[in-house]
Amino acid sequence: MPETTYTNDELMAAEAARHLRDGAVCFVGIGLPSTAANLARLTHAPNLVLIYESGTIGTKPSVLPLSIGDGELAETADAVVSVPEIFAYWLQGGRIDVGFLGAAQIDRYCNLNTTVIGDYEKPKTRLPGAGGAPEIATSAKEVLMIMKQDKRTFVDRLDFVTTAGYFTGGDSRERSGAPGAGPTRVITNLGVFVPDSKTKELTLVQLHPGVDVEQVRAATGWPLRVAGELAQTPEPPAETLAVLRDLQARTKAAHAGG
Amino acid sequence: MPETTYTNDELMAAEAARHLRDGAVCFVGIGLPSTAANLARLTHAPNLVLIYESGTIGTKPSVLPLSIGDGELAETADAVVSVPEIFAYWLQGGRIDVGFLGAAQIDRYCNLNTTVIGDYEKPKTRLPGAGGAPEIATSAKEVLMIMKQDKRTFVDRLDFVTTAGYFTGGDSRERSGAPGAGPTRVITNLGVFVPDSKTKELTLVQLHPGVDVEQVRAATGWPLRVAGELAQTPEPPAETLAVLRDLQARTKAAHAGG
Amino acid sequence: MAEFLTLAQAIERYVDNGDSVALEGFTHLIPFAAGHEIIRQGKRDLALIRMTPDLIYDQLIGAGSARKLIFSWGGNPGVGSLHRFRDAVENDWPAPLEIVEHSHAAMAAAYAAGASNLPFGVLRGYIGSDLPKQNHTIKTIECPFTGEHLAAVPALRPDVAIVHAQQANRSGDVLIHGIIGIQKEAILAAKRAIVTVEEIVDEFSHPPHSIVVPNWVISAVCEVPGGAKPSYAHGYYHRDNAFYIEWDTIARDRERFTAWIDENVKKAPANA
Amino acid sequence: MAEFLTLAQAIERYVDNGDSVALEGFTHLIPFAAGHEIIRQGKRDLALIRMTPDLIYDQLIGAGSARKLIFSWGGNPGVGSLHRFRDAVENDWPAPLEIVEHSHAAMAAAYAAGASNLPFGVLRGYIGSDLPKQNHTIKTIECPFTGEHLAAVPALRPDVAIVHAQQANRSGDVLIHGIIGIQKEAILAAKRAIVTVEEIVDEFSHPPHSIVVPNWVISAVCEVPGGAKPSYAHGYYHRDNAFYIEWDTIARDRERFTAWIDENVKKAPANA
């Protein structure tokens, strides 16, 4: 195995970017989703349509936004609409191909918690809350997840279901009336998971270079389902890494000032 | 009595304009309402806010529009919004002081018909229909009516209630949940009517110069209620007439071309 | 992703007999050229949807393209009646026309509901009106918080929306400028959308009161200069008021109307 | 009809103790100066409404101005937690804070319902979420046409909305440019509205993506250059990202926070 010449975040971003097809309409959250979506746009998917919940449609920022409402998102957008419109006409309207989310906690059925650790009334840790996630996860045609994995994030039981994935598994999501198909892929710092086609339980299908199954089990709060054959995540091509590093250098320079 | 130096339409427009206070927000239909509202704006009410249902807010046309969507309405507007927005946020939102309407038929309780003469399924005459009127009449804080009066327009019984005035009179409008107070004044080519404060039946309170009560009775399809003291409509001041004629000359010139 | 097609190709590909079709443009940018192409191609049994039927639907109704009309104000603006619409409703000529009649506020709410993928729109509407007695799609809904009763109307979800706009760029994004009306909602409520434009430009001019509709919610963009005449295109040409007045005479008489359609629509060259 | 007031006058006249107050601006044009003036004037028991509480509500909550918070995402964007918000929820410091928690889509629908004078907003929302178990104002409504069940949320009708905008003209009309967010809805949903602006101009510049809110839906316009700092005003100044990061340290500690508020807000001159 060659020396690792990229960080874990870079690998995750590159792996997520790979799964965004050119021309797809992507509703993007801040952080790793935004990094990966812009990386895709700057590499193999120049016609990827990025929508941020601040109402910017088809935005093409030259640097990564720090908040979903950065000014450059409006300046480079094809259209800027109000917040009620972005949620009603565009997300709920069924116009989003891929909702791209992170989360504080996930369970085996891809349900997400971004609300509280502990009891809702007397929380141990109060998290930011729902934002756009509950409706992104149910209205987008599919959902891509990207997040750090350990036993505190991949948990057996969520303290709070902020956002639905596959509910209690099986056909429970379908029966709920949620218009979209749900999460199709979860990319972490260790590997890639997809829901089982029938039970909808997350299944490890791919390992990042240098990671073994035991490491993943150790970072999963439930008895992990592992696919019979495990793929290995391709190392990010040098060109992709160069684009990503340029993007991050530009971002750092742009956001450094007051 | 001096020689008449103005037309009936001019008198009606001037009389209606007089009742639009400066600064009021007025939702205007095409025809006499639009003429009167613009006359008011060009005379005593420079800050009258005109809204047309095409979505133009605070428009200041130099000529009278032929349709509620003429281009000059947008060019001279403070804001242009979509049709759903004009009806939801501005009219239904309770932002309109005066709704200004005409109609094909009216009854003694100020209910209006603009839908059919005869049976709905097999109409003798199919009229254009509702347009904005049903919600203008119920959501505007008050409604001003302007229309030609004869036994075919001032009828005992409407063939169809397109738009509610005072329903069956008394407190029936209040009980309906309609947010606005309802019609406060009906101006015709013969005189001016206001609803009785208790029964809400239209009462003749003012005669135009040269018109007598019998003429009005003869043009009313129900036994007419007449106020104890009848005012006389003031003749339009020369200045008002000059402004109105200028406006109409400009309008004619502007709309003459192809 | 919008494809650049001729108008003839777009109508042929995206408008089927029996479809529900919304040719929108609220008193501005009325897509007459597309309406004429529909007549030329002999499309039949259409359920026409439009807040203000205007001359464009008077022509489609008189030419026999429609079986149904969903509308909220059916007059010739500033002139009077739509005689072909009246003749269809009053005398079933050239064919019976089913009508579903709304107020503007309700129809706007129904389009917005369609664009929002909601099954119904809610409004404080129709209070004291006889319309719900004739239009049985108007229902009542109770507020779960206050107990108030409000009007509910079913969402409009046309098979096809057709609108006219000032400009498209090379990607097929579309700019609408001036009175923006209900066009965005019609496009987003529909399954398929055709946009005719005055011109295709490299860069939008972005005048005040303009909106952009992205190419990926549009099926076809067709360059049709003058495609809104005798309606107007803000910044391009004015409304032909003389024609709106003349239409009153043309449309009043069945034969004269038929001759006019033959001469000016059916025998006119396709927008190919 | 908007009156030109100093910010101090506007807050004194239009914000009462106990009011529900929406200081809006979705990730842009956040009205910090107005928030600081509310703290300086010692307004109490406010029900604060805002989709993204951001630093502005962290400050108001920590300063003890709030009894209640209606919100949909309570983080420091791109940085992490709002420590004063957390301390209030987790430890009742400086006072217990009642929270009413929504998703963005629901809160946007609730503002739009308020602006529309409807008692509730409808959305395909909260499917599979635990939020309705904690926020009992979220109810279900049945479509009278399809029988589908949808989420209903009560309309937001704040006593006061406060927003920041780029420009007012001499009549008090206001231009908002760039990300327009939820400001128009907040103004129209509220009983009273205060708008702080970067500058008062003779003529608006009408850049792309701009909207105008007419003076007659606004109670007071206050010229407050820099009134959105450390947030940004598109076309005027950038977001002070360094301060957003620094806030994490300031707000983490009660004493340091209190000292910061004393120094930078309470002892700062009123916007008079």
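Read from first to last, the chains carry the letters A, B, C and D; within each, the first residue is number 1.
Convention: contacts are C-beta pairs under 8 Å (C-beta built on N, C-alpha and C of every residue); 3 or more make two chains touch, one makes a residue touch a chain.
Just so we're clear, the structure is a prediction, and the values are computed from it rather than from any experiment.
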Q: Could you compare the number of C-beta pairs in contact for A-D with that for A-C and name the larger?
A: A-D
Q: Work out the mean Cα position per chain and let me know which chain is farthest from chain B.
A: A
**Q.** Separation of mean Cα positions, chain D and chain A [Å, integer]
**A.** 28
Q.
Could you work out how far the Cα centre of chain A sits from that of chain B, in whole Å?
A. 57
**Q.** Euclidean distance of C-alpha centroids - chain A vs chain C, Å
**A.** 40
Q. What residues in chain C touch two or more of the other chains?
A. 112, 117-118, 123-124, 148, 184-185
Q: Specify, in ascending order, the residues of chain A that touch 2 or more different other chains.
A: 79, 88, 92, 139, 179
Q: Chain touch graph shape: choose line, ring, star, complete or other and state it.
A: other
Q) Which chain pairs here would you call touching? A) A-C, A-D, B-C, B-D, C-D
(Q) Considering only the defined contacts, which chain D positions touch chain B in the complex? (A) 1, 112, 115-118, 173, 184-185, 188, 211-214, 216-217
**Q.** chain A-facing residues of chain D, complex
**A.** 26-28, 51-52, 71-75, 77-78, 81-82, 85-86, 89-90, 101-106, 108-109, 111-112, 123-131, 134, 148-149, 178-182, 184-185, 209, 232, 234, 238-244
Q: Using the touch definition up top, name the residues of chain D that touch chain C in the complex.
A: 117-120, 122-124, 137, 139-141, 143-146, 148, 150, 152, 154, 206, 208, 210
**Q.** In the complex, chain B residues that touch chain D
**A.** 23, 25, 49, 57-58, 78-79, 88-89, 92-95, 139, 179
Q.
Looking at the complex, which residues from chain B come into contact with chain C?
A. 30-31, 53-56, 66-71, 73-75, 77, 79-84, 87-88, 91-92, 111, 115, 120, 122-135, 138-139, 160-165, 167, 173, 176-179, 255-258
